[in-house]
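Structure provided below as structure tokens; questions to follow.
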Amino acid sequence: MEILQVNNLTKNFRGLTAVSRLNFGVRQGEILGLMGPNGAGKTTVINLITGFLKPDSGAIIWHNENINGLKPYKIVRRGIARTFQQARVFPNVSIFDNVIVSLNQSKRMKLFLATDPKQKVLDIFQFVGLRTKPSTPAKDLPQDELRKLEFARAIASGPELILLDEPVSGLTPEESDSIADIINRLNQGGVTLIIIEHVVRMLMKVSHRLVVMSSGQKLSEGTPGEIRQNPLVAEAYLGKEEEDFA
Amino acid sequence: MVWQILLSGLLLGGIYALMGLGLSLTLGVMRIVNLAHGVFYALGSFVIYSFIVQGKVNPFIALFLTFVIIFFIGIVVERILIRPVRESEMNVMIVTFAFAIFAEQCIRLGWGVMYRSTPPFFKGELNISHIFLDYQRIFAFAIGITIIIGLVIALKKTKLGKATRMVQQNYEMAMLLGINVHLISMLVYGLGAAFAALAGCLLAPLYLIFPAMGWTPLLTSFAIVILGGMGSITGTVIGGFLFGLTTLMTSYYISSGMVNVVPFLAMVITLLIRPGGFLGKEIF
Amino acid sequence: MTDTQRKKQVLSLTIGILLLLCFVLLMPFLFKNRYLLHVIILANILAVFAMSWDMLAGFMGQLNLGHSMYFGIGAYTIGFVTKAYPISPVLGLIFAGLMAVFLSSIVGIPCLRLRGPYYAIATLAFSQVLFTLAMGLPKLTGSEEGITNIPKFIMGIEGNYYFSFLLLILTVLSLNLLYRSVFGKRLISLREDERLCEAAGIDTNTYKILGAALSAFIAGIAGGYSCYYHTNVTPDMLSISLTFSVVAVVVFGGIGTLYGAIFGAYALTFLNEYLYFIVDYRLLIYALVIIIMLLYSSNGLFGFFKERYLTIGNTASK
């Protein structure tokens, strides 16, 4: 069952077309990988879905409601959360507070059942493997813990769907694997995920299905196996960063 | 009568444009909110008052001297107060606000709270078929326009001007290209202060001067810049003229007491509808 | 910090506070100096007003340069109301606070989309408009002289002394609770990163308005009480100088630290009243104080203690 549908989504920036008549759907419980070389428009798609940008045309249907143009916080409250490419936190505030302000006591997410907010936050910390003391200011965190804090914050809003913007860029393969582990555990707990990456290796491992974008348009769609064999996809990556397609 | 008001308003507008331009420079090039802009206007008025009334100096020489003096004061302020706190927007606002109060207090201590008046540079008025325009206002307008044109030319043609425009467009890039952004910041700030002071000098003979006179021009300058769009010279100039007209029309048709209120309302309305101003794009 | 260390700290803090409280309560009997009590009352009023500004500027990141308009409208409300109608003082104060809240909505709603600098200018503009109105409508506001002969709320300076402390303590307690609550932490996160707030599901506009309303409420009450105490209200209470004083107080004491505002208020009020020969230079000195503070230690005096247990506002100490 498709919970999110993107129909003919288009966005232009001063003459430059970032996204053009994009169509795809996301099924409940799946991990959808959105891939494509740099500049394909992937982050713009996240911004459009989560309300940070307004589409020029097209519709974004979430549970049969068009959420096109809603303010970001309203979209979060409807169950869609996102992470940022550069881990974004409230720096002068403790990591505990970072997460508790995002906490939404909705019943949507089945993973964290504690009713006490404090306990819920600590449970989320444990889930993502955050080891830093909760009262530490967020600006004092090392890079990998920051990524986990990003996750914690997104999870705290109790979403049905999480959009991850390049969650493993710049990480070592081991760090990458621990993030993949969090993703899998989230998915097993019932969360649907859309992952954006231009590093393909991890995406292939984790996703159930893939949508490939190039220059703002959908190039191809299918399982990792199908995509790997699709010559058009390889071509789109050629001339860009070859190591991406390792 | 309508022409009288129109033309008088335009003449006034030239000076408002000058004042607004001074602010537009600091806002656009330096990307800082300069809350001391009004006090430079006040300083200009008081310094030239001292020269002309107390020092009996020739008014035109006094004008030039005041311009130069305030220019240097501006440079010092930029170097000592603003540069250290540049990164924090809030701190720049607080520091310039503090300097404005400081300078206003200095004026009060130095000259007293009494309202004073400055004699005009020119006496008499021009009479064109029953439209009376003071020579003073015409002179002020002429100076204002000359400076504005001078600025535009300097920005387009001189090396320094081009460098300044580059800093306005992209601060980091300009730094990487080896442009001395610190020097340009100082000069731009000093110039902004000097423009405000010049407006103060030119308007001093028309109104009474008093220590707290800088706040309304500060807010008016912001209103002009916001209406016209930051970083846009044309917009600011047009905004200045509009304000000159509105101010004059308000004082004739409504009451001179309410003159302060109307520009603020205009600014508030603009901020509501188009925070970027009508003619330019926003920077912040 | 281990558990026993923490317990020791809490214990010594509690003892310290109790001792302070005793001292405060007994002070009128220990020192028969009425002028001292008067200065303390002024300091308390300023401290409450300063904490309300700090809430907006230090905790929510909204630099409001027209804050005196909330104080002033509270004062003028008392002035108008008590002239027309005998009203219970406490009710009057609450009404004063509500008028300030009303004003903050009128100002706040248009200013919602304004980022830092625009917001500062707009609030400055609004307060100047009010100041102009107060000066320019003599029939209504008595112009420069203001409204005088307002019936006294509490007779006797000791009574006012205790009441001003009551206000101070109530403010400290409620702000403390606020900053520790999730609602308060969301207000603080506004200061940190507004877009991230949106991504965290926080309705930034509503929070900004509510926060501003609370801040205005406190400021309005401070203004209202000030009017009762001085038995008059003048346009000074709406002026830029008043806003500036409170900026100086908070910057000196430490922006965003809650207690810094109290410390700064006391420091500057005592300086102002006891070094009476500097009265003429008061604002000048405030300006210098701010400038020096910002250049050398933008955390304010209290900011030095930011790492220790004394600061409640800094939520990094959970």
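Each chain carries a letter (A, B and C) given by its place in the written order, and its residues are counted from 1.
One rule holds for everything that comes next: contacts are C-beta pairs under 8 Å (C-beta built on N, C-alpha and C of every residue); 3 or more make two chains touch, one makes a residue touch a chain.
Since this is a predicted model, take the numbers as computed values, not measurements.
Asks: With centres defined by CA atoms only, which chain is the most remote from chain C?
Replies: Of all chains, A has its centre farthest from that of chain C.
Asks: Report the most central chain, judged by the distance from each chain's C-alpha mean to the global C-alpha mean.
Replies: Taking the mean of C-alpha atoms per chain, the most central one is C.
Asks: Per the centroid of Cα atoms for each chain, what is the distance between chain A and chain C, given in Å?
Replies: Chain centres of chain A and chain C, defined by C-alpha means, are spaced 43 Å apart.
Asks: Distance between chain A and chain B based on Cα centroids, please, to the nearest Å.
Replies: Here chain A and chain B have centroids separated by 49 Å.
Asks: When the C-alpha atoms of chain B and chain C are each averaged to a single point, how far apart are the two points in Å?
Replies: 33
Asks: Find every residue in chain C that makes contact with two or more other chains and list them.
Replies: none
Asks: Identify all positions of chain B at which a residue touches two or more other chains, and write them in rising order.
Replies: none
Asks: Give every residue of chain B touching chain C within the complex, in rising order.
Replies: 33, 35, 81, 84-85, 88-91, 93-95, 97-99, 101-102, 104-106, 109, 215-216, 219, 222-223, 226, 257-258, 260-261, 264, 267-268, 271-272, 275, 284
Asks: Which residues of chain C touch chain A once you look at their complex with the stated criterion?
Replies: Against chain A, the touching part of chain C is residues 182, 185-186, 188-189, 192-193, 195-204, 314-318.
Asks: So in the complex, which bits of chain A are touching chain C?
Replies: For this pair, the touching residues of chain A are 50-52, 71-74, 76-77, 81-82, 84, 88-94, 96-98, 100-104, 117, 134-137, 153, 156-157.
Asks: Inside the complex, what are the residues of chain C that reach chain B?
Replies: So the residues of chain C in touch with chain B come to 57, 61, 63, 65, 110-111, 113-118, 120-122, 124-126, 128-129, 132-133, 136, 240-241, 244, 247-248, 251, 280-281, 283-284, 286-288, 290-291, 294-295, 298.
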